[in-house]
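You will see chain A twice below: alongside chain B first, and alongside chain C after that.
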Partner chain A sequence: MNDFLSLFPLLIICSGGILLMLLSAFERVKLENAPVLSMGIFGAAFVMQLIASGIPESTLYADTFNGMLVSNGFTHAASLVIIGCGFFTSMSCHTYFRQNNPCTMEFYSLLFFAAFGMLLLTLSRELITTFISLEIMSLAIYILVGYDRKRVTSTEALLKYLLLGAFAGAFFTMGSALIYGGAGSTKFYDIGIFISTHSAATPLLIGGTFFIFIAFLFKVAAFPFHAWVIDVYEGAATPVTGFMATALKAAIFTVFANFLALNSALQKEWVDFLFYIALFTMFGGNLIAIGQANIKRMLAASGIVHTGYLLIGLVAISTESFTGSVIAYYLAAYAVGTLGIFAALSYLGGKGEKRMSFDDFKGLAKVRPYSAAAIAVFLLSMAGIPPTAGFMGKFYIITSAISAGQMALAVFAVVSSILSMWYYLRLIIIMYFHEAEDAFEIESSVFAPACTFILVFFVFAIGLYPIVV
Partner chain B sequence: MEHTVSYLGLIPLFPLMGALVLGVMHIYSCSRGKIPEKLYAGIACVGPVISFIYALIVFFQLKGMPPESRFLVHDAFTWFSVGDLHITMGFLADPLSSLMLLFVTFIGSLIHIYSIGYMAKDENFGKFFSYMNLFLGSMLILVLGSGPVVMFVGWEGVGLCSYLLISYYSEDTDNVLAGNKAFIVNRIGDLGFLLGMAFLFWAIGAGGFDYLSLRENSHLLTPGIGLVVCLLLFVGACGKSAQIPLFVWLPDAMAGPTPVSALIHAATMVTAGVYMVARFSFIYAHVPIAGTVVAWTGILTALLAAIFGMFQRDIKKILAYSTVSQLGYMFAGVGVAAYSAGIFHVFTHAFFKALLFLGAGAVIYALHHEQDIWKMGGLKDKMPKTYWTMLIGALALAGCPPFAGFFSKDEILFSALATGHTGIWVIGVTVAGITAYYTFRMIFLVFHGTPRDKEAFDHAEEAPGVMTIPLIVLAVGALFAGFLNLPSIFGGNLNVSHWLAPSLVDHHPHVGISVELLAIATSVIAFAIGITIAYRKFGMGAEEPEYTGFAKFGYNKFYIDELYNTVLIKPYKAIGSVIWKSLEPNVTDLPVKLSSWLYQKAGAAFKVFQVGYVRIYAIYMVIGLSIMSLLLSQSLN
Partner chain C sequence: MIQDYLILSVILFCIGILGVVSRRNVLIVFMSIELMLNAANLAFIAFSRFHVSMDGHVLAMMVMAVAAAEAALALAVVILLHRHKGKLDTNVFSLLKG
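Showing the complex of A and B:
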């Protein structure tokens, strides 16, 4: 029963995707209603996931799946974040597609398939399963990115993402093969046992793990595999960008952490490697971000920086008592802030995303004070100013780094966080200290603004009452 | 020993709520159209009046209790607690605070009512009353606070409100500067208060930091620490109650609307310092040296301000200096350990000074904001109610028996004499003479003789009832308040002193009746001389003299403002501008700016790599991969 309950959200998401695809065949079902329907399904899945969250660590249907899927507190939390991201993304989409080239019903269906892949990814404890769920997710995301075929940037983004994604995906399979060669199994658990009885430092295992890490690092846009993220985030539809930036990152980091935490020898072997990756990712991301004139590109670059913080979380994993709570909290905190700002951009962007550069938002506070205040809250959260969720997230990450003995990394994280003020505050200054040049007229529905303000609430709620799973 | 009642906290709460409501209404009216003045006025007066009713309830409840246990407390909530410091938002009503409470709420209410007339048609009517309510609420917190920290909340509150109200006519830069001056000078005093509080806590705070606990532990204070605490607290009192050297703000504070002057700068706020010294009488009583310092500062302030008052031409400035001067008396009283005499003078002074200010307000109102007494004259018949009430106020101020000021001032002077402070007594009597002189100089010039500005005189008329009725009520107070503390020589039995006794550590020197008679006789003679000279010079109508020699020196307030300006403010500003112009941009900001500049350049350089070609991106990946592989293969060997 518990196994079923743990998988139930996954089933809801999957059948939701299929249902929407079927419904698209009926003309009587209006496209306007699709986001509402998908919000409903995501909402139901969220509730079910919330119910399932009490279930302790368990191997799901061990007879059937042979230990491929394991759920625990960490996966529950990550799943909640992913489903929540889906919910709020659908909400933003409602407004977004009123002002932009309309999508079709299948768009939402793909959203569900992507979410399904992500949820599966969080549960998977086996390399082939991981690969399959990675691909389910990626294929859906590719299409979502390039959904608006009439827009050149969208198609361009799709192409770039697909080519580089395929390149990275190849590494994953290669890595799996090497690990199988080295450890004789593709199951995380067996690999862990093999490492603890033998050694993690064999060429096959090192090479295999390295390749798998490359695939993961590519997906979360860590340095030096970050270059795609700027163009892809810019080209994708705003809500999709928000979904990619949050849910996808949550899924990958969950499986990444699960893999890394399976054996202390393995983690120790890779700490130095991850240390440098985290360092370069934070500072590289910052350097890219300050040069950007487009808000989506800036956010993409800032997403790289946040990847850097999350990598610190991986560095600081203690394999003896791994709960993933720090990473899960950071993911949730990052998700509410990022989703919030993308929701705000979804309606403020206007027709055909005409307002996307910093200068377009001059004087927003004079015309739309509440929206400007909401954006300011999200930015401050991302910058890590108390009492927002972002602050608590950074706080946990940095304290975990300190308790893991990574003092240098903690200091670098703080420095990077200060540097990140540059581009976050820049937008706030532009919104507040300039005269409005634009009337900021929008053809909006109530959904994206509502989504924005709900997320403002969450930024404070999670920040003030941090629930650490 | 003490009783807990649950309504004490409400007393300040009513005006504070009023301030909030009025403030919201005012903000609303700024964008959404006007709200009728009547509505504002109604709400504004509700809070003070209810507080006054509660003050009466408190008074009668205390009266019904045995004298030695007249303490009502109300601990609303724990404000904060850090280590040994546990601060509750507590309120204490004892005889001292209940007396203060009574006249603060009573006079406050009257001034609110008067202001309805005075401020009519003012653009920011709601804002004014919001500030007034806030002020009264802060004053009540100050008076009712159960410990120094809560008192400090009110202390700062009245400081803030005085700033807001002094610079109320903010279109004029001078008013804003006057507000700044008041605030800054008060802050200097506040620093003293804070430090004194910190010392007090450090010394005996561990056993509870409210008055009752402090009082019990006050014997633990060593004389040295006691002296430091007393002097530091007195610095705070000097700031708020305008004593040497911090008195300079009060005369300038007359820039605010006249009811504000009456409320803040005569009747209530400035008395906070005296109240504080009396409140801490249990410490001051142990440190006679501190008392002497207080007394001498007070009496010298009284003298100095009285001399300034002789030469002023602005009716409100004359009253302002008389306030400073009277405050000096009060400090002389509490300084010679005659706490009840000092507080009693606070009490009577509140009546006649509020009366004089409101009367002056009526005159100013009638003459369309003319404040120069050399442009007035002969208003006696035009404004009979104002004239007669102000005359009562003037007599009270000048210390004419049997008006209120006579008894209270006489008690202070008598105490000084009886405790052997002959010097203070001599100066005090001199000041009494000068006071009579300048007070009646003002009365004669304003109301007697012939009008000096014919046109303004012709348009002048009596103020409306809403303004004159408070005048009459206050005049009654100024007339009879003195009898409440009638000394035995006149057949009384010092009711107020006995009432206050449980709160204070009072000394009643027992000296022969001859000393008392001497004190009274000299006061009366001084008064008579002062008023006679004033009558000779101004009673028949006089022309404005040229200010030369000492008069010029006095008119310019001994150039003390200029002195402060040269010695303190200019060097301070110079240091500030050095820091601002050279130190900050070159020493602290430069490295910051340099690093941010570098960072920006680095960002721009890094942007070059973001070429947008997917093949280039793939090459990055390959390069990164290669380097990492190289490093990893190193680790294998």
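Showing the complex of A and C:
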């Protein structure tokens, strides 16, 4: 019964996607109502996931799935973040597609398939299950990125993402083949046992792990593989960008942490490698973000910086008592801030995303004071100013680095956090200390503004949660 | 014995990487990616034989299924590209910059 309850949110998401696809084939629902329906299904899945959250660590249907799926507190938290991202994304899609080229119903069913892949990714404890769920997620996301077929920029984004994503996927398969050769199994648990009895330093295991790291680091846009993310985020539709930036990162970091935590010997082997990747990701992201004039590109680059902080969380994993709470908390804190600002951009962007550069938002506070205040809250949360969620997230990441003995990394994280103020505060200054040139007329739809203000509440709620509880 | 298969697999994989990096035609690039996936399949089957278990065969099947799905999407993208630009060169796309 517990197994079924843990899988139930996954089943709701999957059948929701199929249901929407069928409804669109038979044209039974108006396009206007599709986001509402999709919100309803995501909401139901969220409630079921909340109910399932109390279930302790268990191997789901150990006989049927052969120990490939495991759920625990970490996967429950990550699933909550992913389903929440889906909910708020459909909410901002409602407004976004009124102002831009309208989408078709299949858009929402693809959103569900992407979420399904992500949820499966958090549960998977086996390399090929990971590969398949990774591809379910990626294929759906590729189509979402290039959904607006008439826009050349979105086609270009799709091409770049698909080429590099498939390339990274090929590395992942080769990596799992090598690990299968070295350890004789693709199950995380069996690989862990093999490493503890033999050694992690055989050529096959080192090569395989390296290839798998390349694939993961590519998907989360860490330092040497970050170049695609800026173009793809700019070319995709704003709500899709928000979904990619948050839910996708949550799913990959969950499976990455599970993979690293499988054995302490493996983690020790790679700690130095991850140290430098985290360092370069933070500072490289900051350098790119400072030079951007377009808000979406700036947010993409700041996403790279946040990947760097999450990598610090991975460096500081203690494999003996791994709960993933630090990483899950940071993912939730980062998700509310980023989703919020993309929801705000979805309705403030106007027709055909005409307002996307820093200068377009001059004097927003004079015309739309509430929206400007909401954006300011999200930016301050991402910069890590108390009492927002972003501050607590960074606080936990840095304390975990210190307790893992990575003092240098903790100092670098603080320095990078101060550097990131530059571009976050720049937008706030532009919104508040300039005269308005634009009337900021927008399509009247309550969904995206409502989504923005709910997320403002969540920024503070998640920030205060550890203090209250 | 197993070394021969592994060397072949690594050679195929490297040809795939070279193709992705050096070729500019989108179709050729996708073909190279398929080659990389098939190199991994060969390694899976060789290791499966080496460990005397059927796991590797099953995994190779799974990878093939995923590769087919990816190829379907890739061909759709090629058609989309051809409609926009009339060319299949990756260089013609340089709108997103900054």
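In the analysis below, the second predicted complex is superposed on the first by the 464 of 469 C-alpha atoms of A that agree within 3 Å, B and C clash if a C-alpha of one lies under 4 Å from a C-alpha of the other, contacts with A are read in each partner's own complex, and residues count from 1 in each chain.
Please note the rule applied: contacts are C-beta pairs under 8 Å (C-beta built on N, C-alpha and C of every residue); 3 or more make two chains touch, one makes a residue touch a chain.
All of these numbers come straight from a predicted model, not from anything done at the bench.
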Subject >> First (chain B), second (chain C), both or neither touched by A:218 >> reply: first
Original post:
Thinking of the overlay built on chain A, is A:177 touched by chain B (first), by chain C (second), by both, or by neither?
Top reply: second
Original post:
A:167 contacts which: chain B (first), chain C (second), both, neither?
Top reply: both
**OP:** Return first, second, both or neither, reflecting whether A:61 touches chain B, chain C, both chains, or no partner chain.
**Re:** neither
**OP:** State whether A:185 touches chain B only (first), chain C only (second), both chains, or neither.
**Re:** second
**OP:** Return first, second, both or neither, reflecting whether A:135 touches chain B, chain C, both chains, or no partner chain.
**Re:** second
Original post:
If you stack the two complexes on chain A, which partner ends up touching A:460: first (chain B), second (chain C), both, or neither?
Top reply: neither
Subject >> Partner with the higher number of touched chain A residues, chain C or chain B >> reply: C
**OP:** Applying the touch criterion given at the start, work out whether A:290 contacts chain B, chain C, both or neither, answering first, second, both or neither.
**Re:** first
Original post:
A:358 contacts which: chain B (first), chain C (second), both, neither?
Top reply: neither
Subject >> Common interface residues of chain A - those touching chain B in one complex and chain C in the other >> reply: 159-160, 163, 167, 230-231, 292
Original post:
In the complex formed with chain B, which residues of chain A make contact?
Top reply: 159-160, 163-164, 167-168, 201, 203, 206-207, 210, 214, 218, 223-225, 227-228, 230-231, 273, 284, 286-292, 419, 422
Original post:
Can you name the residues of chain B that touch chain A in the complex?
Top reply: 596, 599-600, 602-604, 606-607, 609-610, 612, 614, 616-618, 620-621, 623-625, 628-629, 631-632, 635-636
**OP:** Would you mind writing out the residues of chain A in touch with chain C in their complex?
**Re:** 128, 131-132, 135, 139, 142-143, 146, 149, 152-153, 155-160, 162-163, 166-167, 169-171, 173-174, 176-178, 180-181, 184-186, 230-231, 234-235, 292-294, 297
**OP:** State the interface residues of chain C toward chain A in the complex, per the touch definition above.
**Re:** 6, 9, 13, 16, 20, 26, 29-30, 33, 36-37, 39-41, 43-44, 46-47, 50-51, 53, 55-56, 59, 62-63, 66, 69-70, 73-74, 77, 80-81, 84, 90, 93, 95-98
